[in-house]
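The two complexes that follow have chain A in common; it is paired with chain B in the first and with chain C in the second.
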Partner chain A sequence: MPPSFIKIKQNLFQYFYILPPVIIIITFIIIPIFYAVDLSFYSVHLIRPVVKFVGVENFRQILKDNTFWEIFSNSIRWIGFGTLGTLLIGLGIGLFLNLEFRLNSLVRGLIFIPWIMPEVCVAFAWRWMLNSEMGVVNEILRVLKLISQYIAWLANPNMVLYVCLFVAIWRIYPFIALMILATLHGIPRELYEAGAVDGANLWQRFYYLTLPQLRFALTIGALLTIIWLMNSFTTVFIMTEGGPRHSSEILPVLIYKTAFQAYRLSRASALSLINFSILLIFSLIYLWVFRKQWRRI
Partner chain B sequence: MKHNNYHRQSFAHKGKKVLIAIVAIFIVTVTLLPYIWLFITSFKDYKEVFDVPPTFIPKAPTLSVYKGVFTGEQLGRHDPWLLFFANSLIVAGGAALLCTLIASFAGYGFARFTNLKGGVLLLILILISQMFPGPSLLIPVYSMLRRLALDNTRLGLLILYTSFALPFTTWMSMGTFRNLPQDLEDAAKIDGCSRIQTFLRIVLPISKLGLVTTALFAFLLSWSEYPFGLVLLKTQSKHTVAVGLGAYLREFDVFWNEMAAATVLMSFPLILIFLLVQKFFVRGLIEGALSG
Partner chain C sequence: MKRTFLIFLTIGAVILSSSLGALAQKKVVVWHFGGLPAEHKWVDDCIKDFNATNPGIKVERIEKSWMTKSEELISAWQMKAMPDIINRDSVSIPDMVEMGMLAPLSELFASDITAMKDRWLKPCWDLCSYKGVQYGIPTYVDIAPMLAYNRKMLAKAGIAVPTNWPQVTEAAKKLNTADHYGIIIPATLGLNDLEIFIGIAYGNGGRFLSPEGDKVVFNDKGFVDALQLYVDLFTKHKVTPPGILEIDYMKTIELFLRERTAMALGMSWFPIVAQNLGVPEGFEYRMASFPMREPTTGKYPPVAAIMDATTTYMLITTSKVKKEAWEFMKWVTRPESMRMWAGVRIQGRVPTTHEGFNTPEIAATYPDLVKEHEKGTIFKGAISMPSFPGFTEMIKIFGTAFQAALMGEPVQKALDKAAQECQAILEGL
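Presenting the complex of A and B:
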């Protein structure tokens, strides 16, 4: 056998290792995206059988709809405030866990539990705790004299989105905190010793020494948070189903309702693509942040 | 003077310690409160849940609520919870096994066969497709699986969850294998092992922790996944725990104790597993994310 043929055979064999996940991912993750594009140009209704090519009509209808813009702006606030909140809390708790104290590893283990708990359970637990009459949150705040009367957390249209967002943050911050902690553990001690010799105070040490080291972790943390928040459906769906009216509705919930409560499959597809395009932008930024790693591959 | 200074320092030291303790307790409380509260609620009887203000310790703790979850007397509706659990075990367990098998082969391939044509491109595809599973895919995946007659089947969901977990787990296991020293494999090769023998007999056994992390990640994701299960499984007897619980939670706003008990039952297995493997599992996930 000529050597090049052996090479090809060997190569083929090696492809058997890496191709299976690629094929599965293409079939169930990539092809559906193209399928959504196709679907969005028709008028598929889950109950009515007539299917017609309508071009960009679905998109035009969506963009003309005031409710869509209301929900879109909810989504923007959801992602914006959510990312900011998650990073700040994650950073704060990451820094705190970097202090040396007894039971540190216990706290570290326990704070990861929200991330482990199924989202359905988390959403229900908070819905129950935030109940306006029998909820424990109101009672705790009242005992602590922080409020004088019970608050209807999930019924107030101005508040409900942020209450749901609090729960979403509560669920994802542990990952970010521990990611930041892992990076902090990697910072050489000498750096701080040098800083101390130069007489830098706490804030200066944080701003000039710690923060630059955390830049990579914070960037990745921000992108992961954005992507997770864009994909979050269950928290809002179980807590409020988007209500009252649309005040806590975000795009993923609208997609579900359009398809399975209004039965407009094609319109829901168009909405999915709008959500997906934004997701794609952030995913590409994520890839770009990792560009150095590829060269190493 | 020196003495005085020493005292002041130790006082400040103590103050710092107390402050740390307070913050730590606050963090742990806020983190665990929902779980603790579910637990407390699940032992209250059907009258006590409606107490205003809520009681912090059940007056007459009872296990009958847990029984009620399974018998469904109070609701006048019988949800087959054991069946839901069995379905979840099949779907999540199957997805975990399948995913570990595929991801470990592929991770090894990506780590070792670095000069393969198109390898980097495929890796980029895998890395980016990690971001896509979510509500944006809900509609097209539903329509596609319906065409393939895989909607309303546990098998369809099993395959779907496998594909959703694959990007991250392939990536993670590539990291695991890359950190293994190549010398070991070279030694095995000299001893006459073929590549596949080396992989199965030498590489896999020493990367056990990586494999377990992979399997757990896939299991966790599949056990907890809600939206796809919700739209794909129409028949109640096929529901996973997440879907069954979701339906139950959305329908009622009264049987709080029973809902809490069901919720505890669903999350308990996960928390138990997590507490057992916590150390290396979290490290594996974080390293996987940071080495992206």
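Presenting the complex of A and C:
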């Protein structure tokens, strides 16, 4: 009997134990992905019973549509500013929570509330708070005499995408802060003592001692944030449905509308593939650029 | 021992027979989209009575969100997990028929349909037919466009209820003060908001599609001038809130009830929603049809109103209990059951049957409609809200153009672009 076969026979039990999750992954992830890829090369419209193979026609139609490029540009800004904002805020909050002060535990608990709230509830709550006529945000700003007229947060096409992004960041940053905090707890105190002895000031200690230790956490945090933002649908759809016009529309919302409002299942599949491809490219570039951080582990 | 055995045998027989009874009982599942709590309660009472009267049938009602009705039905259709009956809006019938979802009632139950249809007002009955086949039984209709106005504010300003477009503009300008806006026009991408506008455009002689159904014509003058009215109220006269692009029909009513506006646009469900939100004590308001432009500028005959039978009972093609489901549909639309839509529990729904206009409650809520019913002129000049295969996709494109115009794009240009896109979709279908 060949040695490899003997090895497989000996490890058979181990393969048996991983079989259930493998079946689930294949059934609910791999097969649907292949089905979506297959669907994207056909023309499937729910109110037209004929299904025909159209090759790359769906992709061609998408790429020559100006609306798609407008929404694509929204998505790039959504991911770019969203990742930067989430990391900066998460880093700041993580550093703050690492300080020792009274009621530190209570503040930590409160800061994590956005993360544990269901996304639907968050979106609805902020939609009401940001309402131009009845929202509490405008009311507070008016009472503080910071504005004289109510601001149409969700109706201003120049602002609406960033307002929705603010809500998305508000929900995600606690997780990044938690990662940063966990990493900070692992940094040995002796490092800072040595720095103090060498006369490093606050900024120098942060830049030369803390930040290098946080690189891995920040890398992972950025990657996760990109994935979450790329797949983000609920916040935008509930708050604005992508409006006004397409000002706050991002790719996941477009995919949803194409499938469930335009009934074009194959075009929605093609859009999903484009979204997936962008995410894959982003992730691969990111991992390549930060490969050194990975090698250190 | 023998006695114990006999006792157990008897218990087993009882359990088995009741199980067999349950198996013999046919289950009918109804998906009820939207509606108000009082309406749900009424339908549940109807179901209880039906189940008691028909022991061989068990009807089960499942509440579903109005906001996700399309998505839920499409997903269920793809997964072949549909209910037996649904109730939703009649404007969606063409799309659902083309998908193969709806059973043709006039073909399956021809004699019943012939016997019952004369109870309904013909314009309402016809809302639920497509290509000459009846697919649904309507319960009430929603009518657009309607203008709600605050009586005290108008009286204080010495303004009469506007009866044409220039009067609407002048009234809104005079009523626009530091304390409240002149008028709120809901302008989100939501279907209700767009249909309110479409009602105004149809009143100006505009149409979504040509009468032949082969050409998209919402870029004609009827629609263009109606949208220009909206744009002028919003950007030129500034008599509306700056955030109308995010203020939908519900928020419009809420702001109206809070006296943040003197007038508001809506549909005939305005009193229902207001009731649900809670009309403050002493708050006096009235409803009127939104006035038409004089003279109209569209090339088609102006319509007094557009209608949608929002809670229409429809039978699903994949149902395995069609006969039993149909028995329930007849039950829930019999005269005693239809009394709810005639103002008995909820005030503000417009009935679709002749007997519905004979209740004292409807006479109190819609005295003008009752008079027209008596004269035989009710719904004269009213037609269905746009309803054709592909409408769900096209209305989103139209909505984008509608908002683009409010955001500053020239009205004709915005509508021309959208019409071109919709024409391509129409030809593709």
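Basically, the second predicted complex is superposed on the first by the 271 of 297 C-alpha atoms of A that agree within 3 Å, B and C clash if a C-alpha of one lies under 4 Å from a C-alpha of the other, contacts with A are read in each partner's own complex, and residues count from 1 in each chain.
Methods note: a contact is a pair of C-beta atoms (placed from the backbone, for glycine too) under 8 Å apart; a residue touches a chain by one contact, two chains touch by 3 or more.
Just so you know, these numbers come straight off a predicted model, no measurement behind them.
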Touched partner set for A:162, first chain B, second chain C, both or neither: neither
In the superposition, chain B vs chain C on chain A residues touched: B
Touched partner set for A:59, first chain B, second chain C, both or neither: neither
Which of chain B and chain C A:18 touches, first, second, both or neither: first
Which of chain B and chain C A:241 touches, first, second, both or neither: both
Contacts of A:154 with chain B and chain C, given as first, second, both or neither: second
Partner chain in contact with A:134 - chain B first, chain C second, else both or neither: both
Touching partner for A:81 - first (chain B), second (chain C), both, neither: neither
First, second, both or neither for A:263, with chain B first and chain C second: second
Partner chain in contact with A:192 - chain B first, chain C second, else both or neither: neither
Chain B and chain C footprints on chain A, overlapping residues: 131, 133-134, 241, 259-260
Contact footprint of chain C on chain A as seen in their complex: 45-49, 131-134, 149-150, 152-155, 157, 240-246, 257, 259-264
Footprint of chain A on chain B - complex, ascending: 17, 20-21, 23-24, 27-28, 30-35, 37-38, 41, 49-54, 56, 102-103, 105-106, 108-110, 113-114, 116-117, 119-120, 122-129, 131-144, 159-160, 162-164, 166-167, 170, 195, 220, 223-224, 226-227, 231, 242, 245-246, 249-250, 256, 259-260, 263, 266-267, 270-271, 274-275, 278-279, 282-283, 285-287, 289-292
For the chain C and chain A complex, residues of the former touching the latter: 70-71, 74, 77, 95, 98-100, 188-190, 241-247, 251, 254-255, 258, 260, 389-390, 392-393, 396, 399-400, 403-404, 406-407, 428-429
Chain A to chain B touching residues, read off their complex: 11, 13-15, 17-22, 24-33, 35-36, 39, 44, 93, 96, 99, 101, 103, 107, 109-114, 116-122, 124-129, 131, 133-136, 139, 142, 170, 174-175, 178-179, 182-183, 216-217, 220, 224, 227, 230-231, 233-234, 237-238, 241, 251-252, 255-256, 259-260, 265, 268-269, 272-273, 275-276, 279, 282-284, 286-287, 289-290, 293-294, 297
